[in-house]
Structures are given as C-alpha cells and as structure tokens.
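Each structure below appears as structure tokens.
The two complexes that follow have chain A in common; it is paired with chain B in the first and with chain C in the second.
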Partner chain A sequence: MPVVLVLGWAHGHAEARLVEQYSIALQAQAFTAMFILLPVAAALAAWEAGAIRPVTLAKVPNVVGTTRQLFRAIAVVVGLAIACLTACYLTIAGLALPNAAVAVPGFAVMVAACLLGGAVGLVIPRVVAVPVCLTLGYVFMVFPQAWAPYWLRDLNGTYSGCCAVNETLDPRATWAALIFAAALALTALMLASAAKTIAKILASLLLATVALAAAGQVAGAVAPAPVVARHASLICQRADVTTFCVWPEHQTQLGHLLTVGTRVIRSWRIHGLAAPSLFTEGTSTNGAVFGTRSEASSQDLVGALVEAVSPPFPACAATHIYAGETHRQLVGEWLLAASGYGQPATDSVVSHVLRTSRGAQIRWLGMQVRETEKCGSARSAP
Partner chain B sequence: MLRFDKVSFAYRRRRNVLIDVSWVVPSGRSVLLGPNGAGKSTLLKIGAGALKSQVGAVTLDGALSSRSSARKTYLRNVSWMPQEIVVLPGMSCRECVAYHAWLKGLGRSASWDAAPALLDIVGLSDRLDEVASSLSGGQRRRLGLAQALVASPKVLLLDEPTAGLDPAQRARFRQTMHDVVARFETSIVVSTHQVDDLVDAFDTVAVMNRGEFVFIGSVADFMHLGDSAGGPLERAEAAYSALVGADV
Partner chain C sequence: MTLWIKSRRAFLGVLVALLLGVSASAMTGRHVWLPQLLRSLALPVPIALLLTAAWSVFVGYQLVRTVLPADFVATRPVARLNIGLVSIDAIAFSAPLLLVGFLDGAQLQDDALMSVRNVIAFGGLVLIALAYLSPSVIALPAVTWAVISALFGADSHGAPQVWAVPIRPPTASSFMLAIALMLVGAFVQRFRTLH
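And then the complex of A and B:
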C-alpha cells in the first residue's frame, strides 16, 4: 500500500503541476491519484472479502447478515483507501478547506469501488476476483478519458479537465458522479445479498444500465470539460483611465499588470488607437477580456492585452475555412509593435505601416479588422 | 423447545423431500437416523433456518422461526453445524471461533474473549493460534462444534458430525458432545446413519425414511425392535433394518 500511495501521489502531483495555484483546479488534480489508488483498493477489498466467502457459500443463517459481514471485511481497506486519498489530497492541494463538489464524489466513488470489489470477492474466488477488480478498476478510471460520449469521464469522481482560473466545476458533473457512486454501492449490496447468483447478476446489470442512463441524463450537457464560467469577485484597480481586473489567484500580478498595461495603452493612444477602459479576466460586455497566469512576464502580459483587443474569431471560422487568419495576425503584429514592447521585422508589412502617418495606420488597421470577419468556402466533412 | 409442525418441503421440480413432518425435539441428546435421501439434512436445515418449509411451521419456545421480529433470537438460540465445516482461509482457530461468535451477534471483544474457553471445551486449546485450515478432519469437526456453541444455543443441530472420521475420532467427538450437554444444557440433534454407541451416546432416537418419521422414541424402545439380535450393535442394526427395510 505505501508503494501505491507514492505512485498515486506522484500521479496527482504531476497533474497538479500543469495547473495554476487555483484551489479547485489543484483539488481536482489531486484526486487523479485515484487512477492508481482505486483499482488497488478495489482489488484489496476483493481479497479481504474473499476470506469470508466460505461463510456465505455455506449459507449458514446468522444473526449478522452478509452486508454487515462485507462491511466488516473491507472496513480496513476502505479506511486505508480514504487515508491514502486524503494524504494525496492534502499534500497536493494544500490544507485549504476542501471543495465539497470535488471531494465528495471522489471519496464516494472510492468507497463504492471498495464495496463493489468486496462484493465481487464474495461472489467469485479470490484468484479471479482480485485480477478482475484490478483490471476493471483501471479501465473504469483511465479509459473513459478516451471514450465518447464525453460525460463518461465525469462518472469516476476525478475531474482532470477542471479548471482554468476563469472556470469552476459544473455541478452536474458532481451529481453524475454521485449518482454513479450510489449505483455502484447498490450493485455491491445486491451482489452481497442472499439472492441467487443469476438473479443478482441480472439485477446488477439492470441497475448499471439505469445508473448510466440517469448519470447520462444529468451530465449529458457537460462537455467537453466538466466546467462552467466562474462567478467570483475580481480584484480591480484603476490606472489613468483604465481599470484592470484579475482573479484573486493573480492578485500578485496586479501591480506588474498596471505598470505594463498603462504603458501599453498610452503607446496605443499615441498611435491613434482608442483602447477600452476596462481589461478584465472575468466576463464583460463593454470591456476587453484577457487572461494571464501566475509568474507571467511583461511580454506575457503584453501578449494577453494584445489578444484582448484583437478582433474575435468569427462564428463562421468553426465551419468554414478562415480566410481572415492572415489579417488577424497582421493586426496582432501591429498591436504588439505599437505597444512599445515588440519590434516587427524590418521588411515586414507592419514595419512599413508603422512608417506611415497615424491616420493611415488607423485606416489600415480598420481595413484589416474588417477582413478578419471573412470566411472562405465550407470545410469538407472528415 | 424446538417444534416441527406438519412441515413439508420439496426442492425445485423434485418430489417432496419432507412430507407432513411433525416432531418436538426433546431435551438431551437425540439421534436422527435414516438412509441417504431420507430428509435428515433437509429437516436440520429447516430447523436451522437455512431453508424455509413450503408448508407447516417451525417454532422455538412458541416463536415462529419465519417471523422477522423473532428471527435474530431464533438464529442465536438454534445452531447448526453443517457437514462441511466452514474454515476461513488464513485465520487461526481462535479467529474462526471469534468470527462465528460475532456472526451470532456477540460484540467483537466479547467474541474474542469467548473463543479460548470454547476451544478448551472441544479439546483444541493447544491449537488456539494455529491456522484452522491445518487441522485434521476430526479436529475440524470439533472446531465446527466450538463455532456452533458460541452463543450458548438452546438447540444444537449437527449434520453427520462423525461421517468420515475413524473410530477413535468418532469416540472423541461423542465424548465432546457429552461434555457439551453437561455444560450448556443444550438439546442436541445429531443426524447420522451410524447406529453404533446409541445406548451410551443418546437419549432419544428418531428414524426417518422417504421424508417421514417412521420411529420416534427412547433408545430402549428402539433397541426393543431388534431384540432378536445379539449385542447392542447388532440389536440397533436389526431395529434400524426393521424400520427402513429395503431402503438400507
């Protein structure tokens, strides 16, 4: 178990390094330790429950029912699994208050998997039950990531697609995993019951189908990542006539952003461009939306501001060949050069434009922006 | 007192194994005789609550075995030792007995504490910490007896407890049964088709054939049926043959 714990922790830690220091994202990545912990825990539960299989096979009636026997047999494994998952969680996500939407499905699926592993250990011999649980547990945790429909990946209690700093976990993904965990637990109890084996297996298959349908109903619209827009308070600060708003995770960047942003916007104004009065990381109808990250350099911040004021991709770009791509690049190059932070190549189009008058530059820019809205012929189906 | 009242039972799609069987299990040691297929094991399973009779009722001190409110009390007071003794893999004798005590509703620490005394009664105190699966056939039966005794049951149903044992092991097991009756004031029913040592080992004889009782009475009455034969064993065999006839 210590080896498994280390492997699980290493996996979760590697995933967590890919996301920002955003609490919910770190927590979600910490739970990817389950990719390794869950199959092993289920197999261990099958092994432990297999020890009491002779009692259930003998069909000696007892005061204590099979379900309680199963609970007792796997109690240590469940405790170990929860302890390992908690250890991974705390060391990867930190000591912050757990986000229930992330943590509850993770723990619920882990406990349900142990129950199901134990029930399998009661029904079939240990030598078969253990490899079956290891294999199916691994398939359940890993393969849905590559399967369609997308919501299948939201059922195993890990949300590796959660979350960029402007996103939060979709509650439907939480509910889908909880429904599926409940179905796993019910299936386990059904298998552990005194009913005939064929009846148990048929009932379990029926329950699994109903659970998949119910979870699919809840999570069907959650795609491709289990996230929704984040609605949290932004931290805003004003410099000159421009306000900059960032997520709390980027608060340390705000001073740097104000310095760089003020300089960029002044420079744009000198070139005749009227920059928006609001740059925000949240959603906005009248301001420019940008995104930054912790440890962003000045160049990164300028790039984010350039992208924020660049024309958006037109809707037709999703279905047609995007004819405006080159013009969009030219706009970006001009914005960067005009910001004072970039120098275009000496013989480039933008370099030539920058040598013209302010009015000519703005007219050229307007023409390029209009071209960015155009699409070509429709893309052929793959 | 355990009472079978007009009990009938058939396994699925087969002829009736028990037909309108009524029996009040007397206190002390009873032996349930009969040829293979007579219905002895089925009757004990119904008595233990492992099977439900399709017709009739089974009661312990007036309480129906099938009534859910009385079920736990019934199962605690009626213990059954099946032919195949349940030995849990990797567990010691003490752990096996303690686990069965927990199954009968005792607390975990009480179960653990009770196990050594029970193993002492069945003569396995020197095997307390030994892995149960390493025990011989006779020792396993005695372990099964300890497991059946954990809740101090009022009735103990033993299904073929001496089948497959050598004469010395059988004698040892009978002595253990004798000690158990003396200590626990338990009614014991032993199903078997061996008639040796009836006089010393049992108080009452019940004989089944083809799903019905053909004799219920004292050992002395049973032996009278074989009066024409010589020694006790021959008389018992003659009485048994007279009752079950061509089915032997």
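And then the complex of A and C:
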C-alpha cells in the first residue's frame, strides 16, 4: 500500500502541475490519485473478504451476519484507502477546506469500490476475485478516459477535466457519481447477503444496470467536460477610465495588468480607437472579456487584451468555411502594433496602414471588422 | 487421471481458452489510447490484452480449484499434468489467433502474435507462481504485469518501455523472453513439487 500511495501521490502531483493554483482544480487533480488507489483497494478488499468466504459458505448458523462480517473484514482496507486518498489530497491540494462537490464523490466511489471488491471476494474464490477486481478497477478508472461516451468519465469520482479558472464543477456530475457509488454499494450488499441465489445475483446486476442508466441520464447532460461557468466575486481596480477585473487567483497579476493595460489603452486612443471601459475575466455584456494566467508576461497580457477587443468568431464559422480569418488576423496585427508592444513587418499591410492618418486607419479597421463577419460555403461532412 | 481431469475441469478449460482466443482474435487490431499515469501522453493498448489477462486468471483458477495438499499424495505426476494443462490451454487460446493472424494483413499478424507471446509469458508466470506463491495469488503476477504495463509502460516518446513486454511489438527477443518464462515455469513446477 505505501508503494501505491507514493504512485498515487506522484500521479496526482504530476496532474496538479498542469493546472493553476485554483483551489477546486487542484482538489480535482488530487483525486486523480484514485486511478491507482481504487483498483488496488478493491483487490485488497477482495483478498480480505476471501479469508471469510469459507465461513460464509459453511451451512452453519452464524452469530454474526454475513454483511457485518464483510464490514469487519474490509474495515482496515477501507481505512487504508481513505487514509491514502486523504494523504494525496493534503499534499497536493494543501490544507484548504475541501470542496464537498469534489471530495464526497471521490471518497464515496472509493468506499463503494472496496465494498464491491469485498462482495466479489465473498462470492468467488480469491484466485479469481483478486485479479478480477484489480483488472476491472483499472478498466473502470482508466478506460472511460479514453472512450466516448463522455458521461462515463464522470461516474468514477475523478474530474480530470475540472476546471479552468473561469469554470467550476457542474453539480450534476457530482450527483451522477454519487448515484453510481450508492448503486455499487447496494449491489455489493445484495451480493454479500446471506442467501446467494441466482435470482439475487441477477437482481443485483439489474440494480447496477438501472443505476448506471440513471447516473448516465444525470451525467449525460454534463458532457463533454463536467464544468459550468464560475460565478465568484472578481477583484476589480480602476485606472484612468478603465476598470480591470480578475479572478482572485490572478490578484497578484492585477498591478502588472493595470500598468500594461493603461499603456495599451492610451496607445489605442492615440490611434483613434475607443477601447471598452471594462476588461473582465468573468462574463460581461458591456465589457471586453479576457483571460490570463498566474505567471503571465507583459506580452501575454497584451495578447489577452488584443484578443478581448478583437471581433468574435461569427456563429456561421462553426458550420461554414470561415472566410474572415485573414481579416481577423489583420485586425489583431493592427491592435498589437497600435498598442505599442508590437512591431509589424516593414512591408506588411499593417505597417502601410499605420503610416496613414488616424481617420483612414479607423475606416480601414471598420472595413476589416465587417469582413470578419463573413463565411464561405458550408463545410462538407468529414 | 480421470479424477485429475475432473478436478481441473480440463475439458471446460480448453473450451473456455478457445472461446477467449476467438474473442481475442475478434479484437485483433483494436487498440484503446489509454492515458499514461505519471506522463501526459496516451499509449495504444490492444484490447486483447485484457482477454490474455482473463486467460491467465482462468488457468490459475483451474490449477488451484481443488485442495492442493491432495496433489502431494497423488500417484499420478500432477506437476507434469499441470504443465500439460497450461500448455494445452495456451494452444487452445493461440490457435484462433494464429489462424486470423496468418489469414489477414501484417498489422493483424503483429497483434495476434503479441497475444500469443503474452499467453506464453503469462502461462510461465502462473506456473512459477504456483510453485512459490500462495495458491490464492497465482494469477496475480501476470495480471499485475499487464495492468502496470498498460498504466506506466510508455517512455517519454510514447513508445513501450523495455520492461513493458505485454504491450511491446512481438519481436524475436520478446518471444524468447516469453518462452524462457514458460520453460522456467515448467522447470520449477517439475522440480519444486514431489512429482
């Protein structure tokens, strides 16, 4: 188990390096340690339960019921699994208060898998039960990551697609995993109960199928990633007539952003462009929406501001060949050059435009923006 | 002999191995791009690998489903019979794969040979485990090797590492390793037990 713990931690840590210091994303990545922990925990539970299998098979009156025997047999494994998962969580996500939407499904699926592993260990011999639990646990944790349909991915208690800093976990994904975990646990209890008739085993399989369908219905609406837009309070600051708002995770960037942003907007004004009065990382109807990251350079920030004021892709671009791409690139080049942070190539279109008057530049820009709204013929199906 | 055949369910075992082999041959050429833990990349893992692991679990079950101490007082050469059972099961599993492999193109041939190589290696591991480990875990080394190869087997370029033999292409050296494992398994099975 210590080896598995180290591997689980290493995996979670490797995943966590890929996300920003955003609490819910770190927590979600910490729970990806389950990829390694869950199959081993289920196999260990099957092993422990296998020790009491001869007792439960014996046709003698037991003082202690089979289910209670199962609980006693796998208690240590469940405790170890929870301890390992908690250790991974604490070392990766820190001591921050866990987000229940992420943590509860993770622990629930882990406990349910141990219960099911134990029940399998009671029903079939150890020589089969242990490798079967190891293999199926691995398949359950890893295969849905590689396969469509996407909703399968949200049932195993790990949310590796969660979350960019402007997103949060979709509650439906949490419910789907909880429903599935409850069904696994119920199936396990039915399998473990005293009388193992074919009817009971079939009923438990039917229950598992119904629960999978129910969880699939809940998770189906979530695909492809288990995320929704984040609604948290932004941190805003005003400079000149422009307000900049960032997520709390990017608060350290705010001073740098104010310096760079003010200079860019002043430069745009000199070129005759009226920039929006609000730049925000959240959703906004009257401001420009941009995105940044914790270690963004000045050039990254300028790029984010340019993208924020660039014309959006038209809806037709999803289904038709996008004819306005070149014009959109020209707009971006002009915005970057006019910001004072970029220098266009000497013989480029934008460098010629920049040598014209302010009015001519704005007329040229307006024409390019109109062209960005055009699409060509419909795309043929792949 | 009859008792041994019945206790090992030898005929059923051959039938199950054959069915697993037919299923594996139907899966030949199908891969799943599985995410590699500890590396941000995916590796194509043949689905037939799961069926090969299932074969080793079934063979393990066959070998230990009776009370093993009874083997030590048997008049028949149980150890040799066990080696024969694993070999016959391996042949039953491999036959449909070899048929599909040689009837179809080079890619399928590679995949089929990969499964055959894995069955030989896993059979050897089951025999070694039967000699040295608790009867309850004799299929575990083979299954663990398969799972660990699929979980961690890729190197930084996305190619299978040297030790991840179950997911490596069927090269001559990997076949030699598989055959060596089977021979070692047969040797320890023959000489570690009374018969």
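Throughout what follows, the second predicted complex is superposed on the first by the 380 of 382 C-alpha atoms of A that agree within 3 Å, B and C clash if a C-alpha of one lies under 4 Å from a C-alpha of the other, contacts with A are read in each partner's own complex, and residues count from 1 in each chain.
As a working rule, contacts are C-beta pairs under 8 Å (C-beta built on N, C-alpha and C of every residue); 3 or more make two chains touch, one makes a residue touch a chain.
Predicted model, so just to flag it, every value in this text is computed and none were measured.
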- Assess the superposed three-chain arrangement around chain A: do chain B and chain C clash, or do they fit? fit
- With the two structures laid over each other on chain A, which partner does A:Leu7 touch: chain B (first), chain C (second), both, or neither? second
- After the superposition on chain A, what angle is formed at the C-alpha centre of chain A by the C-alpha centres of chain B and chain C, rounded to the nearest 10 degrees? 50
- Would you check which partner chain A:Val64 touches, where first means chain B only, second means chain C only, and both and neither mean what they say? first
- Where does A:Gln145 make contact in the superposed view: on chain B (first), on chain C (second), on both, or on neither? second
- Quick one: chain B or chain C, who's touching more of chain A? C
- Query: Is A:Ile52 contacted by the first partner chain B, the second partner chain C, both or neither?
  - Reply: first
- Query: With the two structures laid over each other on chain A, which partner does A:Phe35 touch: chain B (first), chain C (second), both, or neither?
  - Reply: second
- Message: Just to confirm the value: shortest Cα separation between chain B and chain C in the superposed three-chain model, in whole Å.
- Response: 10
- Query: What residues on chain A does chain C touch that chain B touches too?
  - Reply: 50
- Item | In the complex, chain A residues that touch chain C | 7, 10-11, 14, 18, 35-36, 39, 47, 50, 125-128, 130-132, 134-135, 138-139, 142-143, 145-147
- Task: Flag every residue of chain B that touches chain A in the complex, lowest number first.
- Result: 48-50, 72, 75-76, 80, 82, 84, 86-91, 99, 102-105, 151
- Message: Which stretch or stretches of chain C touch chain A in the complex?
- Response: 32-35, 37-40, 42, 50, 53-54, 56-58, 60-61, 64-65, 135-140, 143-144, 146-147, 150-151
- Task: Can you check the complex and tell me which residues of chain A touch chain B?
- Result: 50-52, 54-55, 58-64, 69, 72
